[in-house]
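In the two complexes that follow, subunit A is the common piece, with subunit B as its partner first and subunit C second.
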Partner chain A sequence: MHPDTTGSWTPVALSADLPAGTVIPARIPAGSIALWRSESGRPAASANRCPHRGMSLSHGFVRGEALSCIYHGWSYAQAGNCLRIPAHPGLTPPQAIRVKTYPVEETGGVIWVAMGEPSANPPKFEGFVALRSLMAEAGIAAIEAAAGAKASPAGLVEPAESTGTICLLLSAQEDRQTLLHVLLKGEAGTAARIAASRAAESLRRKAEDLQKKGIAQ
Partner chain B sequence: MTMQAMIDEWYPVGLFSQLDAAGRGTALMGEPIVVASDADGNAKVTGGNGRVLPVCVRYGHVWSSLGAPKKALFSIPEADQTGRRFVDVGVVRVRCSPLRAVENFLDVAHFPFVHTDILGAEPHTEVQNYKVEIREDVDEVWATQVKFYQPLAAKSASGGITTEYMYRVPAPTCSVLYKTCPPRPSEWDVITLFVQPLAEDLCDVWPWMALFDDTTSLTDLIHFQQTIFLQDRSILENQIPRLLPLDPGLEIPTRADLTSVAYRRWLKRHNYTYGAQLVAQ
Partner chain C sequence: MKLYDYILSPSCYKVRLMAALTGVKLELRPVDFHPGAEHRGPELLALNPAGSIPILEDGDLLLTESSAILVYLAAHAAPEWLASNKPEEAARVQQWLSFSGRLTASLGCARLHEMLLRPGDIGALQAQGIAALRELEAGLVEQAERGMRFLAADRPTVADIACFPYVALAPDGGVSLDPYPAIRLWSRAVRALDAFIEMPGIHRLHELKPEPHIELGKA
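On to the complex of A and B.
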């Protein structure tokens, strides 16, 4: 991604896929994260590991404005500090007990997570509506080849066949996987949304085939 | 990986009641083994290259070792007590370190969150102070006076009670739990966790019980324990790192974790590090 415009922001999920009071796993270049939204609607991101016993926090649960680990119920604030250790209800957890957190922003229905302190806001794609996300077993080069178009500095690909109706926002994952967020131009009706969804799936299959052939050669 | 200190220990490798002449292929610390019954009906364990491994049969299970065990298998006196029901629960395979499986068994603080409405329930989350020691005469880790509120402590329980627990770790991958026995307040129910290390990050867990319970069906007793151990598996397969960190720093214990702290210290003291992660690695 272009350092001037995007800093180190990663598009990790769509806003619609993270309702209030839930937590999901996601990935940024620094590793696995727990992405969650408090009951009042504020999104947050932390390292996906409880420092008590190493349990994955994305298996945890959200209550109020805190994320709790499913193993022993230790709960963490959006700032990462431990709020409560249920085994010792009278204890105020020491400040040293905390999880690493990352800045989160939402724009245009996309949730962005940054590493470090970003110098700019995440990119905005004016006139687009977020439709859905897909995971592809293919690298970015294979997706660009399948789309017949290069990704922009912000990670946006406009497939040649789509004639400007859809865009794909790419985020590289582990093991040559890529997360694709499908963005639709303008407010589209149900039929157009279904068509765009199928077009994205078709493009994913094409990219995965290219990826397999590439490895075979 | 250091296998040396643990190689001479006994490990469970199967149920005695399930033996047959054809044998069952499994593994012990990375080595393929076959557990079978011989012509006389005795248990026989063979290593990867056909070598015959040491065998003993106790507590419903066949035990073996890749090395030369220096002492007999630890004793559980309750296994010889009349009036108890002995229950072979079966096996649960878990993609985790055998040491992490034992450590989870020693923990009560997770009951309200992992075994919700069975072994624990909010708001009864507090772990009161209890006693932990390494008993030098028998070289075992012991935790006593562990008390915890349980909505459904056992199949034989009716309603919530404060259960008292005692834990014993007599071998690096085995633990024996003594627990309040609802129908007989003067006795302890015995529930064990026998862990077969298949690899450093893969194990077969063989729970076994010696209970005072004349009314619950065997199926229900087994289902109760299977439910509990499957709930534990969802935790154990999602801990990072997969190996048990023996050096402080990577994980943060509290007062409720004193049994785990003593267990880790005891493992380290004996170089029981198969399935452990050390800072030096």
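On to the complex of A and C.
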């Protein structure tokens, strides 16, 4: 979104999609990350590559407060240091074995990850509740065109009243893909939330059509 | 019950998984699907002229459609895996059982193309697979909003087992599962079921068992 993203926050996932004791893949401008939540509920983000053999750590698993690689079981603390190498049970792993980690903040049901040292907290969208995330094969411009509104500097699109009530928090990905986090203004019942999810699908279809037709580049 | 089985077939795995989850003992008869193409040989064509596996034989009952086999196993041993008499639930089970055929035709064919070099338009197959995954994702999002973790109810049914294998193996056909958070949670819920079994490419949740420890000096 911005040419210089050092120190800025990226909305990578919704809190509800990362239960305690799980790891998922996510993306920030620096590349692919493993986003995980320990059993005690603390989120963490690391480079998505085990220093041992390069396996994606997002394929791994979380036990207690550690993330383990699926390949040979090397496990890492939230600070990134290697805690255990199962093939060498008597060895205390040297401090040099570590994965790069990134700052993580959770606000309003959205998980944000920063590169470098962020100078401010991630944006807060008061009065919004998170619904779901979906990936669109469309760039920011096509999504703005489909929504009939521009994204704010924080990446929030509030569509024109005529196009619906859902708001979209955008995160540009590689290859002109965009991750859409669907936010609703205020609490809504089951029927309204299901309708909003369907509205988001329609908006994505419209944005992808515009992208294909090359109307929005 | 005798299952004509191939270890790498997701459709055969549906039957093995359902049998494991419902406690049915199967007699496995391995089929040399690749490279022998035994499913197209005279012995198996006599059982199933369509030349596909799985085939389930139980007395004079011969079943060749995996969804029908799942229903048979459930009705036989664990009817709670079938739909209840609620109209929406009964319809959702049928909806996703039918939908599972589209997963086979898209993600399944993409996987055969990538793994066994079967002919096909890989771009079109992957696009159909992605369209199907998006439908599944939307369906699961809506179920979660209704307070249900599985496709047709808040408990697993034959519909979940019919859809799970080809979805879990989508990456074999070059289709990423990264963009689908609801599918990821559902896949975890299926793999967390008691008596869940693996197949090559679909692993259990390691974190459900305590960390193994090697005693020093014995290695």
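Odds and ends about this structure:
FYI, the second predicted complex is superposed on the first by the 203 of 217 C-alpha atoms of A that agree within 3 Å, B and C clash if a C-alpha of one lies under 4 Å from a C-alpha of the other, contacts with A are read in each partner's own complex, and residues count from 1 in each chain.
The criterion applied here is as follows: contacts are C-beta pairs under 8 Å (C-beta built on N, C-alpha and C of every residue); 3 or more make two chains touch, one makes a residue touch a chain.
The structure presented is a predicted model; accordingly, all values stated were derived computationally and were not measured.
Look at A:Thr101: by the touch rule set out above, it reaches neither subunit B nor subunit C.
Set against each other, subunit B and subunit C touch different numbers of residues in subunit A, with C touching more. Once the two complexes are overlaid on the shared chain, A:Arg132 sits against subunit C while remaining clear of subunit B. Legend: residue contacts after superposition of the two complexes on their common chain; A:Pro86 is shown touching both subunit B and subunit C. By the touch criterion stated above, A:Ala13 is placed in contact with subunit C alone, subunit B being left untouched. When the shared chain is aligned, subunit B comes close enough to touch A:Arg49, but subunit C does not.
When the shared chain is aligned, subunit B comes close enough to touch A:His72, but subunit C does not.
Judged by the document's definition of touching, subunit A residues 70, 86, 89 lie at the interface with subunit B and also at the interface with subunit C.
Listed in rising order, the residues of subunit A touching subunit B in the complex are 49, 51-56, 59, 69-73, 85-89, 91, 96-97.
On the side of subunit A, the complex with subunit C involves touching residues 13-14, 17, 19, 21-22, 24-25, 61-63, 68, 70, 86, 89-90, 132-135, 179, 190, 193-194, 197-198, 201. For subunit C in complex with subunit A, the touching residues are 134, 137-138, 141-142, 145-146, 178-179, 181-182, 184-185, 188, 203, 205-207, 211-214, 216, 219.
Put simply, subunit B touches subunit A in their complex at residues 109-110, 112-114, 122, 125-127, 234-235, 238-241, 245, 250-256.
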